[in-house]
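Have a look at this one.
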Amino acid sequence: MLPNQKVKSLVGKVVRIEMKGEESDLVGKLESVDDYMNVYMSNAMEYKNGEKVRNLGNIVLRGNNIILIQPFEE
Amino acid sequence: MLPNQKVKSLVGKVVRIEMKGEESDLVGKLESVDDYMNVYMSNAMEYKNGEKVRNLGNIVLRGNNIILIQPFEE
Amino acid sequence: MLPNQKVKSLVGKVVRIEMKGEESDLVGKLESVDDYMNVYMSNAMEYKNGEKVRNLGNIVLRGNNIILIQPFEE
Amino acid sequence: MLPNQKVKSLVGKVVRIEMKGEESDLVGKLESVDDYMNVYMSNAMEYKNGEKVRNLGNIVLRGNNIILIQPFEE
Amino acid sequence: MLPNQKVKSLVGKVVRIEMKGEESDLVGKLESVDDYMNVYMSNAMEYKNGEKVRNLGNIVLRGNNIILIQPFEE
Amino acid sequence: MLPNQKVKSLVGKVVRIEMKGEESDLVGKLESVDDYMNVYMSNAMEYKNGEKVRNLGNIVLRGNNIILIQPFEE
């Protein structure tokens, strides 16, 4: 499975995303992703060192600033 | 809804934007956005730790340096 | 007005530009801008915390490293 | 062998990847890689100063934020 | 004059270049530049706070990591 | 000679490469380079302040994260 296909297979699931130059991670439901790995996430929460920091709700992330995407396992 | 469509649905509304490598956020009315997520914002204000720092007025942001866009809820 | 059109409407005027990873801003006359937001600026000055630091004269800025462009108001 | 071909020759093997702006490395099995060097890795582990920090499992990495890829030798 | 044309007009002259995330500047003769602003420079010298640090000779710089190019005036 | 041609002329030779956001340089034999300046290097060594830190062997570097490439002179 190619990287883009792997990410698309996660749509509808809860994912964890690390952004470039950010200390906290984003965890939320992956609503959609495009070919540039731009991401639309709902119920997003900010996590820091494994602790929930705050609710962000609906967010859009710019793909080129994503470091890592993975399925979220609490 | 794809990420770009989600952002376009926010045109005319107040949004919060995090830029790469910046400590403060930008909050303002989303006037327009293009396919690269370049943004034109009016009545922009700089926010730091949830506090308004200064008024910036009309600004243009380069899409590739955007980390996150979301509807602003005070 | 799209973001690129907004920037083009500023040609001939004095603008303030924030670059990625730089503490100081650049203020000068916007001579030209292309579709990648590369910028040619004349009479450029470096500003830090609102204070003029030094004159740079004619400079070219790489568009992908621009964070923000706005009309300059002293 | 071109750089992309070299990376493709590592599919199925354990690789070490350094990401931009991250202190820790990622080590895991290279499942797939595309033309942008986006990477899908299984059994990924985070390493810091040569020590294993935690298991990450399946991860996708954005190619433009990769600094270095190499075969992993323990 | 467009930004790229301005840079091309500097070929054969001594220029100063600021790179992203670097504390020192590069000063040298601009041998060539392409459409991505990749630069080939000869007799390059590293400058820090206006002081020459070391000679680098012939160097190639990746355009997307360039912050600023300008004619060098000692 | 254009920047890309200059880099291609270094294939088969020992080069020094500075990567974005990294304190150490990479020195090794340039095996190949593509149009994006992605690099495949053999016998790569990490250098810090002119001192060899460790051997890395075969590595692939992502072109957009390269700051500078030059012939290596010990």
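As written, the chains take the letters A, B, C, D, E and F, and residue 1 is the first residue of each chain.
Throughout what follows, a contact is a pair of C-beta atoms (placed from the backbone, for glycine too) under 8 Å apart; a residue touches a chain by one contact, two chains touch by 3 or more.
Remember, predicted model here, so these are calculated numbers, not experimental data.
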Common touching chains of subunit F and subunit A: D
Steps in the shortest chain-to-chain touch route ending at subunit C and beginning at subunit A: 2
Neighbouring chains common to subunit C and subunit F, by label: E
Identity of the chain that, by mean CA position, is farthest from subunit C: D
Turn needed to bring subunit A onto subunit B - CA fit, degrees, nearest 5: 60
Distance-maximising chain from subunit F - centres being C-alpha averages: B
Subunit A and subunit E: spacing of chain centres that average the CA atoms, whole Å: 38
Subunit B and subunit E: spacing of chain centres that average the CA atoms, whole Å: 33
Gap in Å, rounded to a whole number, between the CA centres of subunit F and subunit E: 19
Numbers and ranges of subunit D residues touching at least 2 other chains: 20-21, 64-65
Touch-based graph of the chains, sorted into line, ring, star, complete or other: ring
Ring of chains, enumerated from subunit A in the sense that reaches subunit B first: A, B, C, E, F, D
Of subunit D, residues touching subunit A in the complex: 19-22, 26, 31-34, 38-40, 44, 56-62, 64-65
Residues of subunit C touching subunit B in the complex: 1-4, 6-7, 20-21, 37, 63-71, 73
